[in-house]
Amino acid sequence: MGPNLWINYGEAVAAILFCIGFTNLLLQTNLIKKIIGLNIMDSAIYLFLAEKGYIAGRTAPIVTDGVTNVEAYINPIPSGLVLTGIVVSVSVSALMLSLTIRLYIRYHSLDLDEIAAQLKKEGR
Amino acid sequence: MIICIILLPIIAGILVPLLPFHKRCHKEIFLEGAVILNSILVWYLLLHHSESTFLLAHFTGDLNISFRVDGMSMVFAGLVSGLWPFATLYAFEYMTKEKHENSFFLFYTMTYGVTLGIAFAANLLTMYFFYELLTLVTVPLVMHTLTREAVLASRKYLYYSLGGAAFAFIGLIMVIVYGNTTDFILGGVLDLAKIGDRTNVLLLIYVMAFMGFGVKAAVCPFNSWLPQAGVAPTPVTALLHAVAVVKSGAFAIIRLTYYSFGTEFLRGTWAQTTVMIVVMFTIVYGCSRAVKETHIKRRLAYSTISNLSYILFGAVIMTPLGLTGAITHLVFHAVMKISSFFCAGAIMHQTDKRYVHELNGLGYRMPCVFGIFTISALALMGVPGLAGFISKWNLAQAAVDSQNPLAYGGIACLLISALLTAIYMLSIVVRAFFPGKDFDDSSLQDAHDPNWKMLLPLFVFTVFIILFGIHSQSIVNFFYDVAAGVY
Amino acid sequence: MSKRKPAEEYHKTFAFHFFSWLRGEKDPYLGNVEMKPQKEYEPDPELHLRHEKEHDAILDKVYDMKHNRALGLFHRLYQATSILFCLFLMALLLVTISHLPATGAAVKPVNNEVAARYIESGLEETGAVNIVAGMILDYRAFDTLGESHVLFVATITVLIMLRLDKNKKGEPNPLTKDMNPNDRIYEPKNDAILQMVASFLVPIIIIFGIYIILNGHLGPGGGFSGGAVIGAGLILYLNAFGFGKTERFFTEKTYKWICFFSLSFYCLAKSYSFYTGANHLHSIIPKGTPGAILSSGLILPLNIAVGLVVACTMYAFYAMFRKGGF
Amino acid sequence: MDFVCNFPFFSILISLFSGTICSILPEKAAKAVNRIVIAAVGVMSGILLLYLLGTGESFVYWMGHFPAPWGNEIRAGVLEAGMALFFCIIMYLSMAGGAHKLFDEVEESKHNLYYILINLLLSSLLALVYTNDMFTAYVFVEINTISACGLIMIRQVGRTIEAAVRYMIMSLLGSGLFLFGLCIMYDLTGHLLMSNIKESVALLIQNGEYQIPLIVSVTLMCIGLCIKSALFPFHAWLPDAYGYSTVSSAAILSSLVSKGYIFLLIKIIYRVIGFDIFNSTRIIDVLFVFGLMGMIFGSLSAIKENDIRRMIAYSSVAQIGYIYMGFGMGTQAGMVASVFHILSHAATKSLLFIAAIGLTEVSGGSRKFIDLTGAGYRNKWAGVAFTAGSLSMVGVPLFSGFISKLLFAQAAVQVEGKMLATLIVLGISTVLNAIYFMKTVIRIYATTGDTSYPCITFKDMKVHAIVLIFFILLNIILGVNSQPIVNMIEQGLAMFA
Amino acid sequence: MYPILLPILFPILAGLCLLVYRKDLERKLLTGITGSCLVITGALVISVLALAKKSLILFYLTETLPIYFQIDEISVIFSVLTVVVFVCAGFFAFAYMKHEQKEKRYYGFYLIAFGVLNGLCFAGNLITFYLFFELLTLSSFPLVLHTGTREAIMAGLKYLFYSLCGAYASLYGIYFLYRHCDTLTFTAGGILQASPASPDGRFLLLVAFLMILGFGVKAGMFPMHAWLPTAHPAAPAPASAALSAVIVKAGVLALIRVIYYIFGADFLRGSWVQTAWLTLALVTVFMGSMLAYREPVLKKRLAYSTVSQLSYILFGLAVMDQDAFMGGLLHVLAHGFIKGTLFLIAGAIIFTTGKTRVDELHGIGKEMPLTMWCYTIVSLGLIGIPPTGGFVSKWYLAIGGLAGDIGIFRYIGPAVLLISALLTAGYLLPLTIRGFFPGADYDYNALQKREPARLMTIPILFMTILSVLIGLFPNIITDYLTKFVSSLL
C-alpha cells in the first residue's frame, strides 16, 4: 500500500465503483443489469477523472474577470475528457439498449444465457 | 538447364487436360515423349554437370531458391529419372481401367518435376519448398478414386505430411540461425561458435526435424498414412509411395543429417541413439504389420515402411560407410519395391484381386508376373545374388564398422525384418504357386499376363535387380564416392 | 505330462504348450502365418452422417442449459473465478491508487505546462471564456470531432437495429411479426395534465437548451449539454402529444438533413481549421471579443451544430426505442 | 511542408465525411461513394508511403493551430502509411467480394447505412493507425467498436444479434480497462500525446517514481486491447460474430478490426511506453503465454467445429495468438514477425471468408462440412482460392503464411528462454492448422457427389472470382516478395522510436 | 571351362527347364529325363571330384566378396553322400510318386535341390556357402509341401521359416566375421585373428554361438528342432529321405565349415560356447530319442530319430577332438545311408499298405519280408550294433567324448549316447518285432505278399548294403580322413 490511499479516497471509491460495474457487466445475465453495470463503470471513470482534475481551493475553469492565472483555476483537461467520455457512454448505452430491445422482441427474455440456449436450439 | 528440367514435366502435366487429344495414343505418345525427353535431359545434366549453383529467386534475407547438382542429387535424380519413363508406360495400361485420366496424368507428371526439384535443391529452404510442393501435388493422386477410403487416406496423408513438414521447418530455422549457410555441404554447416552451450537444444531440434522429415519416410509413430495411401492407383503407389515421395523423405533426412547438421556434430550423441532406436523399431514394426496385413498393396506398403527405415538406419549410423549403405538401399530398394508393386498392380488390373488369400493358384495363370514377383521377393529378403543382399550387406558392414553397440542391434533388426519379409512375401508366392491339393482353377481361366506395356517395365526392373545383385562393384563404388564427397 | 488332470484342463497348461512345441506340433508364431482372410475394410457411407448427427446431439445436450449439470458447474466456476478476478482487480486498483499523486495537490504531474497554457493563453488563443469549451473545440478539436461521430455511428446502428422499414413491395417488415402486439401501441394516451404541463414546459426547456448552446463558449454548457436538453424537451412533447403531432415538424427526413448539415458543417469547418493549422496558414475566422456572444471563432457555430445533432439524436433514440421509426 | 503530408489528414477526413454524406444518399450512390473513398484513401496512402520511403523520416501533423503538448496531432511513418494502404486494399476487396451476399442478408433499405458503417470504420482504422494522441485513440477505438458491432448485427438474425451483444460486452470491458489505464497514465504523466507521455515515462522510470501505477496502467491498457482483439481467453464472442455476420463484415472484422487494435497496441508499446521499458515488465511473458495458448486452443476449437465459417473464425483466434506470441518475445524481430503476420493473416483470412461464401453458396447455403462435399468442383474459383488460403494458413512456401512462420521461428531462436516453447508450439499449431484446413480442402474436393446443387462458372460470379484472384495474388506477393515488406516494417518500427 | 560348375548348374538348369516347360510330359518321358539327369549329375560330381584343379573364383559380388568354389575332403564326403542318396531316392520316387500330382514340379525342384547341394558342398567361402544354403532352403521347401494338403503346406512354410531364421542368425555372424577376417575363404584351422579374451573376441564368441544356433536349425538342434517332425511326415517319402539323409546334413556341413574353417577350433575350445553347444547337443540327443520312443506314427518317429541322431554328429563336432570329429563324419555317412533307407522303407510301407502308425503294422514282415529285413538291418545299424556303420561312428564318438577336454561332459556325453542308443532300440525294433511276430491272433490266411516294385526295393537294398559296408570297412574312410582331420585340430 502506498501512502496516498486515504488522501485519494475519491479515486478509491471510483476504483471500487469501477470494479462493481465491471463485475456487473461480466456476470449479470440480465441485459439491462449489464447495461447498468456498464454505466456504473463509465461513471466511475468520470469520477476518477474529476478527482484528478481537482485542485484544492480553486474554481471551475471559466475565466472570470479576465483572470488568466494558473493559480486560479483547476485543471481543465480532465473535465474535457469527461465530457467526451459521457458522449461515448451515451452512444454505447443507446446501442446496447437497442440490441436489448431487439432481442427481447424476438426471444421475450432479457437473460442472455436463456437467449443463447434458445439460439442454439434454433440454430441446430 | 535445371529449371528447364524441373519445369518441363510440370508444364507437360498442365498441358494434358488443355490440349485436345483425339486419340488416347496421342496423349500417351505426348506424355511418354515428354517424360523420356526429360529423363534424357536429366542424365545429360548428370553426366555434364558443373559445380556452380543456379540461383532462382531470393526469399527473405539470405534465403534463396537455388539448385545445384552434387553427388546425392545425382543419385536421387538418376534414380527417379530412370524409373519414371517405365512407370509412365505402365500407368498408361493401368489407367485404362480408372476414371479421370487427365487429372491423374496432370499430377503424375507434375510430380516428376517436383521430385527433381527436391533432388537438385541446393539448400535446405529450396528442398523444404519442393518437399511441401510434393505433398500438394501428390494429394490429388491419392484422392484420385474419390472413394471415401481414398478421401480419408489423402486426408491423413496431408495431415501427416504437412505436420511433419512443420517440425522439419523448425530444423530449417535452426540451420538458418546456427549455420553459416543453408547450402548443402557434406559435413554440415553448423557453426559451433554460434551454438555455444546450446548443443542439447540443437540435438532436440534435430530429433524433431528428423521425425518431421521422417513422416514422409514413414518412421514409426508417423507411418500409418502410407498403407492407407495404398488406395491410390498402383502407378502412384509404386512410384510415389515406394520411391519418389517416401524416398524424398529419406533423401531429406540424409541431407539434414549429412549436409546440414553434420555427422561430426551428431555422432555419438543421445540424438543419434534416439533416432536409431526409432528407426530400428520401425524396421521391425513395419515388417510385423506387413505379416498381419492381407491386402497386397498395403502389405507391400508396410514392407516399404520397414525398408525405408533400412535406409534411415544406414543414414543414422553417420559414417561415410553408413551413407553408402543408405544410398545403396535407397536405389536398390526402389527397383525391388517398384517391381513388386507393379506386379501387385498387374494382378489387380488383370484379375481385380487385392487380397492375399484370393491369389491361390494365380502363379500358373500369370507366370511372368509371379515369377518377377518371386524374384523381387527374394531380392527383398536378401538372397545373395540379388540386389537386396548387396544393400543389406553394405548396411550391415557400415553398422559393424561403426563400432556402435546399438548398430549391432540394428543389424539384428535388419535380419529379423528379413525373416519377416520372407514370411510375408513368400506366403504370397507359396499361395500363388502351391495353391493346395484340391484347388480348382476353373475360376481363373480369364486371368493371364498383361500386355507389353506392363510387362516391359517389370522385365527391365528384374534385369536390374539381378544385375545389381551380381555386379554391384562399380555402382557401389560410385555411391561410396558420393558419400565421401567426391562429387 | 501329467495325466492326473483332465484333458481339457491339461490343454490349457503351460506344460502342454511346451511339450506340443517340443514335439513340433504347434508353433506359437508360425501357426498364424498362413493368412486367414481378414475382414474387408468397408467404409460405411452412413457412418459419417451418423457421426455428425451424434455430434450434433451431443452439442444439443451440452447446450441444454437446465439439465446439463457439468455446464452449470462450469458456470458457477466461471462466476467464482470472475468474482475473484474482479476482487483482484479491485485490490490492484486500490494499491495503484494509493501510489498515485494526492488528490487536490497543486503540484503533481497533471498540473503541468499543458493545463497552464490552456488557462493562461486559452482566452486569447481561442477566444472562449469557458476554458473547457475552448479546449475541446479548439485545442483538442479532433477528439471532439471523433466524439460527435461516435454519436452519429451509434445512431446509425440503432437505426439499423430498430428501424422497421417496409420492403420494396410495401409489405411490412417481417420483424414486426415478432413483436408482441401490445408493444405496438405507440400513441400515448391523451393525458390532459401531461399535455397541459408539457405545453407550458416544453418551450421553456427548449429555450433553456438553446441558451446553453449559445452560451457554450461563455459559461458552463455547450453543444452536447444543450442538445441533450432540447432533446429532452422534444421527448416530453412527443410523450404528451403523440407521434402524429411531432411528425408535422419532425420526420426522419428532417432528422436526416439536420444531421447531415450539422455534421457536414462540423467536418468542413474543422477540416479548414486543421488544414490551416497544420500548414501554418492564417485562419480567416475572426476570434471576436472574448466574452461576447459572437466571439471565439468557430466555437459558437460548432456548438450550434453539435447541439442540433445531439438534440435530434436524443429524440431519434427515443422514437426508435418506442416505435422503430419517426 | 509538402502537400503529401496532408494525406493522412485527408484520408481520415474524407472517410469520416463520406460517412455523413452516405446518410442522405440512396443505396447505389452510397456504394459508389464508399468504393471511391476506399480507393482514394488507398491511393493517397500509397503515395504517402512512397513519399515516406523517399524521405526516410516520419512526420507529425498538427490537427489545429497548436503544437505538440497542447493540440491534437497525427503522425505518419512508413509503417502507418503501409498499414493504411494495406487496410484499404483488404477492405476494398472484401467489400467487392461480399457485395452480392449483402443483398441477400441485409435489408435493402439499410444498405446505405452499411456503407456509412464501413466508411466510419475505415476512418476510425485510419485514425488508429495515424493517431499520435492517446485520447483520440480512445475515441476512435469506440467508433471502431460501435461500427464493428453494427457490421455484425446488420444481418439481423438471432445469432448475429446475440453475437453483437457479446461482442459489445467484451469490447466495453476492454474499453473500460483501456480508459482506466489511460486515466492513470494521464495522472502520472500529465500528457495525452504519445511522444510527450513517452518522455515523461522515461523520466519516471529514471527517477524510479510511480513504478506500480505505471505498470498497472500499462497492464490495463494491454488487457483492454487484448480483450478487444480477442486474444485467447477473451475470444468467446468471436466465433459467432465472425461466423454469422454477412461475409464482408466477417472478412473486415477478422482481418482489419482486430488488427486495428493490435496496431494501436504496437503504437502504445513503441510510442507511449517505449519498447525497452515494455519488455522489462512481465507483461510480455503473460502475452507470450496467452499467445501460445491461443494458438493451441484456437486450433483445437476449430478442429471440433463442423461449420466452415465458425472454423475459420476459430482459426482467427489461433492466428491472433501468433501475433501476441510475437509481442511476447520482446525482441525487434518478434515484433517484425508479428506485424508481418498482421498483414499475412489479414490477407489470408479475408480470402478464406470470401472463398467460403462462394463454397457455401453452391451447397444450398449450408455451411456444414457434410454439405460442402464436392463444393470445390461446383465453384472452381472459390475452391482454388480456399485451397490457396488454407495452404497459406498452414504455412506452405510460396504463400504469405510461410514467411510469417519463418519470421516467427527466426525471431524465437534469438530469445533464449522462449525458443523451445515457441518452436514446439509453432510446430504443433501448424499440425493442428493442417488438420482442420486440410480436412476442409479435402472435403470440398472429395466427390463430385451431390449434383442437386448448381454449379457456378466464372461468368456467374465475375466479381467474386476476380476478387479471389486478387486475394490469391496478394498472398503470393506477400509470400514470394517478402523482403521489401519486411524491410519496410523494420524501417517503420525504427521510425516509431 | 569351369568344370566345377557343371554338377551345380546342370541339375539346376535341368530342373528349371522342367519347371518352366508348361505342357505336361508323359510320365515315362518325365521319369526318363529325370533319371538320366540324376545319373548324369552323379557322374559329373564324381568326375569333378577327380579333377586336378579344385578351386574356382567365379565372379565378385562386391569388391572383396568372390563367389568361390573349392573341393576338399569334407566336400568329397558330403557330395558322395548327396549323390548316393539323391540318386537312390530319385529312383525310388519314380515308383512312389505315381500316386501324387504334379510330378513334374517335384522332379524339377528335386533336381534343383540336388544341384544346390552340390554347390553347397563345393562352396569355397562363407558367402558362396551362404548363397547355396539359402537356395537349398528355397528349393527344398517345395518338396516338403508337395502333397498340397493343408498340413503339408503349413509344414513347408514352417520348414522355410525355421530355416530362414537360422540362415539369418548366421548371416548376422557373417557380417561380423567379415570385419574380423581378411577373407571368408574356408581355411583349415580357421582364419580368425582375434583372441577370445579381447572385447571383440568376446563378442565374436556370442556371434559364434548365434551361428551355431542358426546353422543348428537346419541340423535340428534343440531350440529350433521343431520343424523336423512337422516336415518329414508331410513330405513324400523320397523327399523325406533326401531331407533327412542329406539336406539336414547341410547344417552339419555349415557348422563344420564355420567352426573349423573360419573360427578355428582353438578359438572356441574351452569357452562357454563349447559348453553350451555340448549341452544343447546332448539335450537334443536325449530329447529326440524320448520323443521318438513315445511317437506312434512311423515317419514322425523316424523324424524324431533324425533329430536325435544328428545331434550325435553335433556332439562329435562340439567335442573338438580328432576322434570325435572323425566319429561325427562317419556318422554323417552312416546316418545318411541308414536314415535314407528307413524313410524309403517307410515310404514303401505307406505306398503299399497306406498305413502310417506303427501299431497298425502287425505282420508287415510277413507281407514285405525283403523290405523288413532291410529295415531290421539298418535299425541295428542305427542302434549301433556291430558290424554296421552305426557302431563304428558311435565308437569313435564315445572314444572322442571320453578323451576330449570337455570337463564333466566327458562322462555325461557317452552316457547320454548310450542311453539314447538304448532308446533307439526301443523305438526302432518294435516294428521288426511286430512285423515278424504278429502274435497269435494274426490271420495268416489273409496274408498276401506285397513286396513293392523294383524301383523301390533296389534303392533300399543298395543303401542298406552301403550302410553295412561302412561298418565292415570303415578303415577306407578313416584312413582317408585322418590326415586332414589332424590338420583341422
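The letters A, B, C, D and E name the chains in turn, as written, and every chain counts its residues from 1.
One rule holds for everything that comes next: contacts are C-beta pairs under 8 Å (C-beta built on N, C-alpha and C of every residue); 3 or more make two chains touch, one makes a residue touch a chain.
The structure presented is a predicted model; accordingly, all values stated were derived computationally and were not measured.
Listed by label, the chains touching chain A and chain E alike are C.
Ranking every chain by how far its Cα centroid lies from the centroid of chain A, the top place goes to E. In this assembly, E is the chain whose CA centroid lies farthest from the centroid of chain C. With centres taken as mean C-alpha coordinates, the chain found closest to the middle of all protein C-alpha atoms is B.
Separating the CA-averaged centres of chain C and chain E is a span of 95 Å.
Each chain gets one centre point, the mean of its Cα atoms, and the points for chain A and chain C are 13 Å apart.
Chain A and chain B, compared by their mean Cα positions, are separated by 67 Å. The geometric centre of chain C is 19 Å away from that of chain D, both derived from CA atoms. Multi-chain contact residues of chain C (touching two or more other chains) are listed as 33-34, 48, 93, 95-97, 99-101, 110-111, 114-115, 118, 140, 143, 147, 150, 153-154, 157, 161, 175. Shown for chain D are the residues in touch with two or more other chains, namely 135, 139, 142, 146, 149, 153, 156, 161, 180, 186-187, 192, 212.
Counting only residues that touch two or more partner chains, chain A has 2, 18, 22, 26, 52, 77-78, 84, 88, 91-92, 95, 99, 102, 106, 116. Interface residues of chain D, counted against chain B in their complex, comprise 391, 394-398, 403, 405-407, 409-410, 412-414, 419-420, 423-424, 426-428, 430-431, 434-435, 438-439, 441-443, 445-448, 480, 482-483, 486. Contact residues of chain A toward chain C in the complex are 1-5, 7-12, 15-16, 18-19, 22-23, 26-27, 51-56, 60-63, 66, 68-70, 72-73, 75-80, 83-84, 86-88, 90-92, 94-95, 97-99, 101-102, 105-106, 108, 113-114, 116-117, 120-121, 124. Here chain C touches chain A in the complex through residues 56, 59-60, 63-65, 75, 79, 82-83, 86-87, 89-90, 93-106, 110-111, 114-116, 118-123, 129-132, 135-136, 140, 143-144, 147-148, 150-151, 153-155, 157-158, 161-162, 175, 178-180, 183, 219-220, 222, 224, 290, 317, 320-321, going by the rule given at the top.
Contacts from chain D toward chain A in the complex involve residues 135, 139, 142, 146, 149, 153, 156, 158-159, 161-162, 164-166, 168-169, 172-173, 176, 179-180, 183, 186-187, 192, 212. Contacts from chain A toward chain D in the complex involve residues 2, 18, 21-22, 25-26, 31, 34, 38, 41-42, 45, 48-49, 52, 77-78, 81, 84-85, 88, 91-92, 95-96, 99-100, 102-103, 106-107, 112, 115-116, 118-119, 122-123.
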